[in-house]
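What follows is a group of structures, each given as structure tokens.
Next, two complexes with chain A in common: one pairs it with chain B, the other with chain C.
Take a look at the complex of A and B:
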């Protein structure tokens, strides 16, 4: 049906357009990529080069940038605030990525069957993915409120201490990881589900005939065949957790001080609050470098555990 | 045989119990947010807070609009999101069509260069982009909020993959009939790629509505701010009443949540699509 409809459309097109050889294909090719290419050149290529050059300068936005060579990069290593931001970011990223994989795979496995209310459950776990991070931070900040929040209200009722969640860096890390899991697990679950559905049913049938137990089937079929999906999700999860900003901006800032500054928060703070643009850009390059190292490491390790069938 | 069935049924019930419990935990923050947003101020200072408000105060929602130009934030968010979504889908699909269907010198090198855009985090580019906007005089403008974010390497990559999967026959036939590439794109490839375009469009819409950092540094004037910035900046400053603050957060979230519940399938497909290479 659709095909027939399309071929009439094609013929119809032919009637509309003057007969003749197709115009210069190459010219059309450039013309159609032109909008993308212009935008990419200005907002990516030129911005990237400018970013690189500015990382060697000291600049307060108003006066002309001063060339200071490697000073910004040297400063990174002696800057306690940067080290704190880096430590916070890693402390968020590592547990978040690991727990995210475990929980989202567990949910995907639970929903990858013919149980009733599947799409209802899927919707429940997926809702936080759709929610604005700023709103998520706002809601959870209230849930974590030390005096009047429901979390501490519950803890008090069962006789546990009431932590000052967001004003202490140690508990704030835990609090932020919980929120990241709540808001991120649904996304990975969807991709794991797609991965699970791509595993041919015959594999399981054959294993069942051989008398393999449920656990064996999971370990020998499901897990290995899911490794490419897991690999992809780990990379995405690492990159996105290394870039956490909105949540700590909303949840852990008191006045102009942040109890849990992350690297991106530090970039923002240095650039747009202290107007040290050159140094802020250098911090961003450090983030790029860290992302690069993590990703490269993953690709290196991939050979050991990712199974391409 | 019978015990096997019984065990299966018990397992199923157990699974429902676990899923229901976890589901409740996922839902609770939303429920609490709605309940708080309807509480009178006095309810917020209970040491053991209760879920049900002592009385329902709908005025918290209208108060949001009295305290802040919230209607304006809304319009800004809707406009900026609509423009970014349409723009991104259009620009990326045009490029994707060209990269996948037309031949021209340097095509693959240009495409590869474009892919480097996937690897560099925005934070490295955000300050130079800000400077470009400042030099153009585009701070606190819609152009400034929209234009720098119209060019998606990811979208180009995703849609190119999809276009490559469309049989060449259509293209060849249209070419023989003398249609030019723009017509082939618009009248054949766009209709055929509608599911992929919709999926990418939904992802863009979601990202754009929720976007925060760029909008934060681009806007100073209250009347140019979008919802995410409005809610973040005015916490503790104007919203001293948390019930009203959460009403604002709910107002920013729920329309999109409801919209996406209707289009759940497309969105889920889009996400699954973006995960497959």
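Take a look at the complex of A and C:
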């Protein structure tokens, strides 16, 4: 009975729609996506528009914002501190992305083969991904301690020089990249593993019958068929490296100074410590623009090297 | 230079007392001063502070306050100093922050000019908060456009802490009040060992370290109009150079070591530094941490000088519990609350006449030194643009002492950076 009743109702609804009265179905659709849509509008769309408008103001967070036109953008182009932050960010991003791809692919290949305790190793390498970045930064800061830390203790014992690590911008870049790799390769490894397992075994069998060596099978089957995965991971890695904040906040800060300010750190510093929120937002928009350009470039270039299927 | 002399300070407060009595008689402004309008309802106030070492004293204050006002629950919230101000500012902007919180003289102008603070004029007067019982210069530093926003809670001066064990082990005489810069340097050389313990802790702090040396050399941080830094002028630059020597010769933990290990909370109490300038607020923690720690006056340069600095309890302008907050602040300004601060030996209570109890609470250290230092103390100038110029000086000094700026360029670059900050909006 109930089913029959329901089907009449549905037919009735269908009739209504066909008759061109209010699209009841459409209404339902809107109602169902409303929570998401409202959240998106309030927290993203309005915030995005507001921040764009605020980038043309001088605002100390509490008083009313003052309209200053393009002044923030003019300052951006003459700001040495912004240039330093940009340089640091790129110095972290480029090696981090390249090494991250190499290490995570190597790990995925190793853990895709038939070795003992495979799942245990997979879990081990994935564990840092689940750890809070601030906790990671705190522990590594201690490991890097130039006088009392275990890393320099070890280096001293085997007779190597003991770097200052986090206090020297050059070694600090290396130190931060090491931590980023340690905490990041696990995630990429899992995605690569999924990519590897999606490659049909027949391809390898066929190649083997044709007498292809292990290296050729890797170069001509594995690598090309992993390109969609690699493409995705590179984009994600670039974006997350350009946004590095928590590690440099925890690790490279001395009192009120930072040895390795990145762009997002500079946004924080200007906005939340010097209370020039208008300018901080301008810097944030500059970062958004940089990420946009990088990503656009990638999508352009992908036609040359990414193979789907 | 903004010199405070203890005698003039007393005179000033005596004069202030008469003046304000006259004022209250004349205008009747403070009639019914102690009424806050609090009606006994149950409320919870958050109380923001930045020094976890002072929690025991604060908790004692809360306990006594609750005997009188059991319905007002006070929740202390400790945020470390570097993160304290950003958190406060964003909280105020977001419409939710601590109802009552500490503020210091350097940051007061920033918050007062934004209208973020509630005036406490309504609780001033006999039986309420009595500004006349506090050092007048400190009281005045919490005034804005004729209104009082805070009553000083405590103040601090700087002296030289030292570790008797390390001095005994090296066979070096303990520091005395007659020490000069040369004595400091010579003792540091004798006490120093490569890789620690170090002879001297040139802590990366203006208040505890380099400002004092600059003033002792008759230098200035900033001009009288508060528009231009003068730390590249010879007297100040010489003082900075004197300190650069400690870094260059390895007589102090390197910047990188201090970055990884806080000298005031870790290295010094752990016996890794033989002597280090520090504030009166360190006494409570140091006497618990290491019984070998004693205190001496700062060594003198061309003159004696040390920084004086104070903080006050203020109320957030938009707190939903104004009445209860006023009750709490009124209590905090009372003799009873101030006495607790002195007795728990945490900090120097700001109320006149209570400092002796603070001195007596730690007989093993000669704390009279901190009170005597008031005579030659200097207050830090606070430009309305906020503390960014000081942060910039600190940033350049850290770079320089870390070896990234030539020694003779450090003071110039610090002044340049400070001036850039002072000229920014």
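Quick note on the criterion: the second predicted complex is superposed on the first by the 285 of 309 C-alpha atoms of A that agree within 3 Å, B and C clash if a C-alpha of one lies under 4 Å from a C-alpha of the other, contacts with A are read in each partner's own complex, and residues count from 1 in each chain.
The rule is simple: a residue touches a chain if its C-beta (ideal position, glycine included) is under 8 Å from a C-beta of that chain, and two chains touch if they have at least 3 such contacts.
Keep in mind the model is a prediction, meaning the values are calculated, not measured.
Undergrad: Is A:39 touching anything from chain B or chain C once the two structures are fitted on A? First, second, both or neither.
TA: first
Undergrad: Given the touch rule stated above, what does A:147 touch, chain B (first), chain C (second), both, or neither?
TA: A:147 sits against chain B and chain C alike.
Undergrad: Which holds for A:167: it touches chain B only (first), chain C only (second), both, or neither?
TA: A:167 sits against chain C, while chain B stays out of touch.
Undergrad: Considering only the touch criterion stated at the top, classify A:63 as touching first (chain B), second (chain C), both, or neither.
TA: Once the two structures are laid over each other on A, A:63 reaches chain C alone.
Undergrad: In the overlaid three-chain picture, which partner chain does A:272 touch, first (chain B) or second (chain C), both, or neither?
TA: both
Undergrad: May I ask you to decide whether A:108 touches chain B, chain C, both, or neither, giving the answer as first, second, both or neither?
TA: A:108: touches no partner chain.
Undergrad: Would you check which partner chain A:139 touches, where first means chain B only, second means chain C only, and both and neither mean what they say?
TA: Once the two structures are laid over each other on A, A:139 reaches chain B alone.
Undergrad: Spot which of chain B and chain C makes contact with more residues of chain A, would you?
TA: After superposing on chain A, more of chain A is contacted by B.
Undergrad: Taking the superposition as given, does A:196 touch the first partner, chain B, the second, chain C, both, or neither?
TA: Neither partner.
Undergrad: Touch test for A:257: chain B only (first), chain C only (second), both, or neither?
TA: Only chain C; A:257 stays clear of chain B.
Undergrad: Per the definitions at the top, what is the overlap between the chain A residues touching chain B and those touching chain C?
TA: On chain A, the overlap between the chain B and chain C contacts is residues 61, 142, 145, 147-149, 272.
Undergrad: Would you mind writing out the residues of chain B in touch with chain A in their complex?
TA: Listed in rising order, the residues are 12, 15-16, 18-19, 22-23, 26-27, 29-30, 32-33, 36, 44-49, 51, 91-92, 94-95, 97-99, 102-105, 107, 110, 114, 117, 119-121, 123-129, 131-132, 147-148, 150-151, 153, 156, 170, 173-185, 187-188, 191-192, 206, 209-210, 212-213, 216-217, 227-229, 231-232, 235, 242, 245-246, 248-250, 252-253, 256-257, 260-261, 264, 267-268, 271-272, 275-277.
Undergrad: Within their complex, state which residues of chain A touch chain B.
TA: Chain A residues touching chain B: 6-7, 9-11, 13-23, 25-30, 32-33, 35-37, 39-40, 42-44, 46-48, 50-51, 54, 61, 107, 110-111, 113, 115-117, 119, 121-128, 130-135, 137-140, 142-143, 145, 147-150, 153, 156-157, 182, 186-187, 190-191, 193-195, 229, 232-233, 239, 243, 245-246, 249-250, 264, 267-268, 271-272, 277, 280-281, 284-285, 287-288, 291-292, 295.
Undergrad: So in the complex, which bits of chain A are touching chain C?
TA: 58, 60-63, 141-142, 144-149, 164-169, 253-257, 259, 272-276
Undergrad: Residues of chain C touching chain A in their complex?
TA: 82, 85-86, 89-90, 92-93, 110, 114-116, 195-196, 204-205, 253-261, 386, 388, 391, 394-395, 398-399, 402, 404, 424-425
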